[in-house]
Structures are given as C-alpha cells and as structure tokens.
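Structure below; questions to follow.
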Amino acid sequence: MTQLVPVLATNGLCVDVPARKNRMILADISLALHGGEILGMVGESGSGKTTFGQAVMGLVRPSAGTITLDGQALAGSSAKEFRPLRRAAALLFQDPAASFNPRLRIGAIVGEPRRIAGIGRVTTAELATLVERAGLSASVLRKFPHALSGGQARRAAVARALAVVPRLIIADEPTAGLDVSVQGGILNLFLDIREQGTALLLISHNLAVIRHVSDRLAILYLGRLVEIGPTDAIFRAPRHPYTRALLDAEPEADPARRRTEPPLMGEVPSIFARPTGCEFHARCRFVRPRCRDEAPGVTGIGERHSVRCHFPLGGG
Amino acid sequence: MLFTALFAPELTPYAPTAINVHMRLATPSPAHLLGTDELGRDLLSRVIMGTREAMAVALASLMASFLVAVPLGLIAGYGGPLLDAALIILFDSLSAVPMIMLGLALTVLLGPGVPTVILTIVMYCTPTYARMVRSQTLALKSRDFIRAEEAMDASAPRILFIHLLPNVIGPLLVLGCLDLSTIIMLDAGLCFLGLGVAPEVPSWGNILSDGFDLIRITTLPLLVGGAPLVLATVGFTLFGEAVRDALDPKLGRGART
Amino acid sequence: MSAVALEIRDLSIWYAGAAPAVLNIDLAVQRGEILGIIGESGSGKTSLAHAVLGLLPASATMRGARLALAGTELIGASPAALRAMRGPGAAMIFQNPGAAFSPLHTIGEHFAAFLWRDRRMSGHDRRARIVAALHDVGIADPAARLSAHPFQLSGGMLQRVAIAAALLMRPALLIADEPTTALDVTMEAQILHLLRGIRENAGVAILLISHQLGVIAEICDRVAVMYAGRIVEEGPVAAIFARPRHPYTQALFACEPSLIKAGALRLPVIAGVVPRPGGAGCGFASRCVHADAQCRAVPPPWQADADHRYCCHRIAA
C-alpha cells in the first residue's frame, strides 16, 4: 500500500562527529519511506544506524543533505525547523525505560505528547485506551518506569508514540533484551500499526527478526548505504558482498547447516581511519584493484533496488 | 527514617516555644532560669527568642537561595554554551567576595537588620547551589528521557521545569538541610560582629557578643549564647544526614537484590 | 585426568530468603565436548554457571549429590579448595568482555597477574607464553596488544583476549555465558568458529549458555533446555533440533525467527510469564497447550526417547 509522496525522504544526508570536521558518522544517505511500509535498517557497530534515527528527529545535527516530510524539505536544523517532523513522527529508543522520566508515572508519561501538543486535558480513559492498544493493561498507568519489565517498557513507549497518531514511527533496536518467546508480540504490534497506514523505520542488527516484518531493507556499512531494496529480493539474492556476508553470518537453527569458515573476517574499521575507495574493500572476498582506488556510485538494479558496488554479485 | 523521627523532637522545642512564649525583654522578673544579662534582661527568654530569629533567618535565606540558584543553575546547564559561560562568570565573581566583606558592604548600603542578613547569606550561598544544580543538569541533559522530550518537541521551559527540575533537586535538598547548621552559624557570626540585627533584637550572636564583653565578670552569658549554637549545629547536621539517607534510592525502594 | 570435565547430580540452589533459582539439575560434560544450555530470562542458567565456579553470593545455599570439576567434588569444599579450582578446574567468559578487565591495567599486566600461580617462570618465558596465548585466539600482532588498555580494544578483540586469559590456565572446562550476545553477527561467527577450534586443539570441554537456538546449533554437540530452574529436555543437538518433544522446546522452536517461513502474517509468541522456580507440578503448565490438572499438581517424570530425554506427563516417548 504505497502512496506517491513518501512520508519521509532523505537526500544525501551526512552527519559528522561533533566538533570534528570531515569525520563522518553518516555519509550520503538517500532513501524514501512511504506510508503503510516498513523499512528495516540493518548494520553492525559503526554503521551509524542509530545516528540516522536521531538525525531524522533533529536530535543530531546533519552536516549536509536534506530531510523531507511529505514532500516538504525541512529548511534548517534548529528545533523550530524540526517541529513538523517531531509532531508527525515518534522515536522509540533502544532502552525504553531510560527514555522515561524516572519520577513520573506511566500515565503521565504516555500523556506527554498530547500535553505538549496542547490538546486539552487527557482523561484516564483515553490513556487506558492507548496502553491497551499497545497490549498493556490499564493498571500499568499508576506504575513508575523502574517497576516495568523490559517488554512492558517497550509497549509503554509504543503507547506514548501512538498518542498523537504519528505518520512515522522510528524504532531503534525494538527487540533488544527481549526473549525470543516474547519478541513476536512487539513485532506483531508494528504489523498492526503498519496496517493503519503509518510508516515504520525499524533499526536493528538482528536480520532474522527484521526479515519477517520489513517490506524493504537498507543495509549500512560504516555510515554508507551499500544496498537498499525489497526484503525478499535481498534475501533471495543479495547483490552487495557485505549483505551476502551478513546473511551468511546469521546463525541458523539447523545443526546440519553449520559453516566451516566464518563468512567475514576482520573487524569493522574505525570511522577515524576510513579505507580508501570502496570502504569495504579490505574485507571483501571479491575485491579487485578498482575497489581500492575508486569509491563506487549507486547502481540501480530492479524495482526500487540499488546497490553501491563496482561489481555487484549476480542476480538470483 | 528512624533518625528523622528521633530528631524531630529536637526541632519542636525550638519552634513552638519560641512562638508561644512571648517574653518581654527589658523587664526583670523573679524566676530567671538562666539569669539575666547586664541590662537585666532574662537570658532564657532571649535565648528562646534568639531561636526564632535563627530559624527564621536560616529558613528564609535557604529558601531564597534556592529560588535564585535553581533557575540560574538549570539555565546554565541546559542553555547554550554562551549563556553557561556568562552565568559561570557571575557565580565565580560572587564567590570571590568573602562573606564578612559582603556583610559590611550590604550593611552600609541597606542598614542593619534581618533583611540585610538574609541578603548577605543568600548572596553568599547562591553560587554554590547554582553550580551544583548546573552540574546535575549537565549530567542529565544527554540522558535518553530528556532527548525523548526533545524528540517530542517539548518546549525548553517544559523540559527545564517539569523534567529536569524534579530530577536535579534531590542532592540540592540534602545539601540545603546539611547547610542549615552552617547558615545558622553564618547568621550568628554576622550578628556577633554587629553586622546583623539591631542590638536589642535577641539573637544568639548578640547574646554571644554581649557575653564576650562580660567574660571577666561572669561566663554564664557566654555559655548561654554558645550552647544553643552547638546544639543546633549538631542537630541539623544529623537531620541533614537522615534526609540524605532517606532520599538515597539504593536504601529505599530498590534495596532487595 | 578425569574424562568427565563436569558432573552435576541433583543440584539445587536457593538464594537468601529461600527463593529457589535452580532445582534438581543433572548434567555432565565430557572432555572435548561442547554442551549448550538454552534458556530465557528466569530459567536459572546463569545461577548454574556461577555455581560451578563458586561465584554464588555468600547468602546462597547449594545442595546436591555431586558437583565435580575434573573429578574434584565442590559441594562443601573449603574456600581454599574452591579458589584452587578457578583456573585449572574451570574458567569463564562473560557476555560483556569489557567488564572482566580493570580499565587501569594493560593487557600484559592482566595476563602476568593471571599467571601468579607459577612463580618459577622467568619473565621472558612468561611473556612468550602470553604472546602465544593471544596468537592462538587469532589476535594479529599480539606483542603490540600487551601494552594496550582494555578500552582501546574492540568488543570482538576483547572477547578473544578473555578467551585467551581463560585458556591460559589450561582449564578442564570453559564456561561461556552468552559470549556473543553483545557482538556483531559477523564477529559472532568468528568467535563461535574460534571456540570450535579450541575444542579441537586443546580438548577443553565447553559449557555454552545462550538464549539463541542458532548459536547452539552452530557449535554444540549436546544441549539442555532449561525452564523455570529445571532442565526440561536434554540430548544430542541433532536429535533435539530434529524432534523436540517437550512443549516448551517446541514452542521455542516455533518462535525462532530463522525457522519461521518468510511471509508469515503474524509472529508466534508464548503467552504468559515465566513462573518462579519451585512451584508445584510442571513449571510450564500455566503456558502449555497440553496441560491438564495432573500437570499442575504433580512434577512430571523423565521420559526417554530414542536418544534424548525430557520431562513431561502428556507427551509420550
């Protein structure tokens, strides 16, 4: 269910390390997200995926590039400029309990967005409806953040996000710290939210989980988008060597399919010592001389699928 | 918690006794429990009235200091670097002036009296409290729950007063309680030097200074003035520690492993 | 040298205030074997790991028929005996490798301290042994790392260093408590590969604790499934992954993301919460689709399938 104008689009978005020029955390991120669509953003440490979520909300200042909401570009980078985005979008933090004021009860916390928006008084009945939509019982409204379990805190954060009917929800590591037997609950909640036309950006390092809920995937390496496209297409036939290595590295619950060699050796380089040319060349199995010298541009492959590689892997 | 209960009686004999017992100062009366001073005033009543003065000045100064220090500290911590730098300069300059000089200057400008004493103490204490609020605010500024409020487009005053304030005020309250004893001492010191209240108004500092002059004749007035000071200092210090222990989250709700 | 690195019979652990963490555990790890323990929060798996190394808090009580490391009984052992076992008996690596090292000392200083037992070794030999240990875990340029502080190393490298430190004392058993949970998936693959290599080269027994089926499948020979303080199913990995019998194990497999077919409209969950260990009857009864009155009242018996065992009233072998 895609519309013509994306809810969120970024073009050439760059974020630098604060107070250090030319030390990029994010480089040239261009993507589009439509209503009723879930985009999974995947990457390892140093990929900048958390920074992306914060940059979209204006918590981190972009050094270049534009952010567009419903086709309208945000003019600057002050809090005022980001107001439309902050009112239309909600950010779910990695540690939900830490994103709550420890001195407020959940009822007050979930009612915050409405109070900020100046929408009159929020009744207890309305708050109860909100938390119930997120799968919690109304008794949670009287509790303090430290009294909630990990799963409950996540759902409370979702309830707070839903309070002003957002067009976009950004969830940073939504299943971190959750047992396998309960993570389905929060993911099903996202699927429900998608049915209502909200756009969702799910940031995660857990590919197996992201696969089941996202329509499209964006793979980040060292702050750069190396592949973006439909989830099924990427899983069937990844085109970027890093994507392929990520998919191969994911442990499978099948002892008959053990790997004899790890798919990728070495470590992610530091952003302060970025390799030349294609930044993945030092670890790439298919590296050729051109990869060392020249940074690759974006190559379109099929329907809304593109890859940043000189020699993309063959299709499926 | 037990400590607070134990030491509440420490407080009550002071306040109600001071308020209820309106002793006239100049009249000599037959039963003087602590004797009289050189003008024939009953020392016991003077000490009790002095209690009123001490508590009134201490509480008023503390509250006034908080009222000034907290907003300044919050703004210094949360506002931009320019505002922070400007306020730090203000705090540092104020700290640089020794209290006695401050007291002298204000007495010259405004005349002696309780408001002057309060103002002196406020100007002396505010920079310390403001700095403490500022450092607490700086520490909390980058915590997730503040960033979450920013992400929800909360206005700066809202963040400052609804979210930052309740979370920074804890250590300040504890410091304030502990400081009550110091403030009582400061007040007594100012009065002792004659920089504070007028000589007829009974205060522990005045009693001490009067007693000081009489030391060759009798030591009683000196002791009478000094003893309550010692008791109050010890009492409020213990009270402050009890408050700190009560507010310590590790000893409170989250104690069990 | 005992062939059985770790033997546990009927072990139960209570924390202060009579709260049981783990009940009636029977477990054995042979030399050269990798045994996995899979469990979610509240299963008691970490308490079990700590018990083996004597790391339980002083207020905890441990009772059982046997808890033996390389043949040495640990129940009722003196603190001196327990100390002597840490290192040569068993060594542990943790989820957060950074927390295992003091930030004030270099890696070289840490390792020199770990070798305190061997006073006869010269400084030169000591250094050579440390460099060899770091090399064996795949660290490039080990000599240079000796002067590095822990915060200068990445998570993956620190975990390698932790493994090297654990192996330095040539333990009979290496306990790995969620060793890759905090690492990137590409580094996780490398560390799991390293652990497998260590088992082959050094013949060390490994007890791997995880909440992820994929990790267990990758390197373990046998697995024990823990729930609410008890082992509910145990056997060879191939058997259990092919035919899980206990309802909890089956539910866990049903929730495993890598096993769910793509295109599923909703993801499965196990409704309900994990109960505290020690209730009457089967711990899983409150969440089990097959549960009946007997399950709630009477503890389930062990059933033995062709090659593995599990605890259930309802599912027959």
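Note that the chains are named A, B and C in the order they appear, and that numbering of residues resets to 1 at the start of each chain.
Going forward, a residue touches a chain if its C-beta (ideal position, glycine included) is under 8 Å from a C-beta of that chain, and two chains touch if they have at least 3 such contacts.
Keep in mind it's a predicted model, so treat the numbers as computed, not measured.
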Measuring centre to centre, with centres taken as mean CA positions, what chain is farthest from chain B?
C
Busiest chain-chain interface by contact pairs, anyone?
A-C
Which chain lies at the heart of the structure, taking centres as C-alpha averages?
A
Round to the nearest whole Å and give the separation of the Cα centres of chain A and chain B.
51
From the mean C-alpha coordinate of chain A to that of chain C, what's the distance rounded to whole Å?
32
CA centroid of chain B to CA centroid of chain C, Å
57
Show the residues in chain A shared as contacts by 2 or more other chains, in ascending order.
none
Chain A-facing residues of chain C, complex
40-41, 154-157, 184-190, 192-193, 211-220, 237-238, 241, 251-253, 255-260, 262, 264-270
The answer for chain A against chain C in the complex is residues 44-45, 179-185, 187-188, 191, 205-209, 211-213, 232, 235, 245-246, 249-256, 258-259, 261-265, 267-268
Please output the residues of chain B touching chain A within their complex, sorted ascending.
143-145, 147-155, 158, 163, 166-167, 253-254
Residue ranges of chain A in contact with chain B within the complex:
54, 57-59, 79, 82-83, 86-87, 90-91, 93, 95, 98-103, 112-113, 116, 146
